[in-house]
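Chain lettering (A, B, C and D) follows the sequence in which the chains are written, and residue indices restart at 1 in each chain.
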């Protein structure tokens, strides 16, 4: 285990922030189950403390009923375990690529939720068809290309992160806070772990409704751009008016 | 906050009616969640006191677990907040258009329930295919036209109400107590908040079954007019015989 | 209310049988809800005491949470209420036609359960596609013809029963203990109320799977006749070997 | 009942192992219900004690609420009941064929779970379309041929086992720990009863997602072989790195 000075002093601000982050990440992992996004252990949430560069993440393959704030694993941005006796999620390398690429995000989620994963298996973006989608995602939720055999064989989880970043390209990550990885499943993110989970729920709901919509009308158009703008912007940005404050509501 | 004399005297009949309405509207909002019609805060119920012209509505973006009769918001028919420290639902203007257009309705509901919203995204009316539908809706549940860019940009929520009224046209609003707004989702109404929620549940159920029906038989006909008449009228109107009284059962 | 001597003597065997039947019918109605077959009050169960010819049935339009053994309604085979202060289910006349036509049945159920009702709306029999179906229904679950306008206008519920009997024809009712009424929904029956509910659950499950099966393979064949025979007969009839006795297991 | 010496001595290791196996098999049967894989009594789990050759299995047609470790039935590999007053599951002969054919398996499950059974009714293998599938099944989940009329008429449950073995052929049973029997439903297995249930859950989830995937994209390809290898092997075999040890995690 790598040494990390900030965790040695219980009176430091770092120490307290990481303690709180452990609790938030544990809570967010439990929320995945509460929202029916996971079967068995097929999901993981992490969050980052930007000041210290430390990431708190779910341990690998541990049942949700056995998770606690205490058994969350702390890693640095290179993936070294700095605190915790369990192995971190096997998807840790993917999370870390996202934290390094997007300074504005504070939490990352991965699940195999049924509807979003079906779109991933189909290799199709989840189209923006209505205001439910537009309230959270400012356009289609993209689907990555397939990884090459080389990308799969070596550093697979790292390359999964890279293909996500490649797909998002020059777009701001927070405008479309989720993606589906081809033949695999959804990843989402947000300003913190709770918002990343919130976006994972939204992806699952809109993935479900998008398929139903196509079954009712296979020639359906994308949502009108003006309506996409209206709904996205009434919840996000400087002129937001949804919720009880002018800030971006999760 | 606008002044409103009726709320200043705890001994007035108005005061007591509003107190009861707050409780009914809170209960109706909770029922939306109990009937699995809402994800997060994506739904709202209001009700009107016709004598004072005051409307009680859910606050914007507040979690269902934090709702109470006390934090419901009271607005007048022009949308001025007359009681309550929270902002009213962002859809308030839509509700108010409906109350002004239809004196016979006492409660309004909006949700993003999965099946009804999928029909809205598909831009198709929910066809009347069986007696379950006919027991509550006297014909297809219409889908509005899309709003124009101008209608979206300014007074969007008000214009959403206007396009609903435009679609219902000269028909009696209570014969088909619900509608789907294109690319958005369902609205329903009733004599009070509870009946509006009841109709929202029915819309979701018949939307689900209508899609399944079309998947089994893509050439299915609309329900026979005589059967539509029979079922609608055995529950509604002067000769109703369903339930324990001759009045319209919700 | 019609007089009925058997109910006047608390010490009579009739009295006790009806008391038990009330409890069974109440329990069976509650089981409809427990098995997620009903929304609101959209379902009803009855059972008959063959010796006295009395039928116990759910009252019309009463919420499941308010049902009790005591508020079940007792009617004779002509539909006269002989005990109970509430109106019997509006579908009572349909139940009575079935009891009169089939002396071997002791309980009847009607619901608007989602999948079976979708087949009814589609106007198609639920095809026998696998052993789950064959364990309970010895062939396709038929769909009635549509009722004529005359049959709908007068004595609608009675005529619903008649078209069920017309559809079953010379077949034994217990070999296929359920049917779907076109544009309406499922009816099922059994030796008692509990078995009728059991068959209602099976209809809903096989209706769901039949649609999925057709979506996977639109050219699917009916189940092999030998397999239909095997599964139906291992649960029913003289050589049954499923369960803990040789009798027909529900 | 056949005599079986190992069960007569409460101090023997055999006695204790069978006692524990009864508990595991009871727990695994209850887990079927907890994971929503069964309606009524339509599922059964067994496990084998390889040293004594004794198999513990659910009794036939008993409600889940009445199951206990005590009323599980113990049979030998020829199907003779060696302990227990109830009849074993009517599918016992199928389980025994699998235990005899595959020495590496310790638990077997059969259900009529909705999605997997729909694929069985459609007569199609469940295609490997994504990593969720690849984490547990190293390729398509095969569908058996239909049984012949002769195989159905005599020794039906035994022949069901034989056609499973015929379909798996020379492949290792643990690489694809489940199958669907045409017109019938899924069987799965594992190193013990708990793992067999785990695989039954996975089959149901991937069967659901495979249909959705085809509905989104009817021309979808099978998962890339390199990705199938990667996911299967990161959870199974000598180089597994998922979970908290290097052993095969269930």
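Quick note on the criterion: a residue touches a chain if its C-beta (ideal position, glycine included) is under 8 Å from a C-beta of that chain, and two chains touch if they have at least 3 such contacts.
Here's who's who by UniProt: A, B, C, D = L-ribulose-5-phosphate 4-epimerase.
Because the structure is a prediction, the values reported are computed rather than measured.
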Computed over C-alpha atoms, the centroid farthest from that of subunit A is that of chain C
Field rot_deg for pair subunit B/subunit C, CA superposition, rounded to the nearest 5 degrees, holds 90
Per the C-alpha means, the centres of subunit A and subunit D lie apart by a whole-Å value of 34
When centres are defined as mean Cα positions, the distance from subunit A to subunit C in whole Å is 48
Subunit C touches at least 2 other chains through residues 215
Among line, ring, star, complete and other, the chain touch graph is ring
Within their complex, subunit B touches subunit A through residues 39-40, 42, 59-62, 86-87, 90, 112, 114-115, 117-124, 146-147, 149, 152-153, 156, 183-185, 211, 214-215
Listed in rising order, the residues of subunit B that touch subunit C in the complex are 129-132, 198, 201-202, 205, 208-210, 212-213, 215-217, 220, 223-224, 226-227, 229-230, 234, 241-244, 249
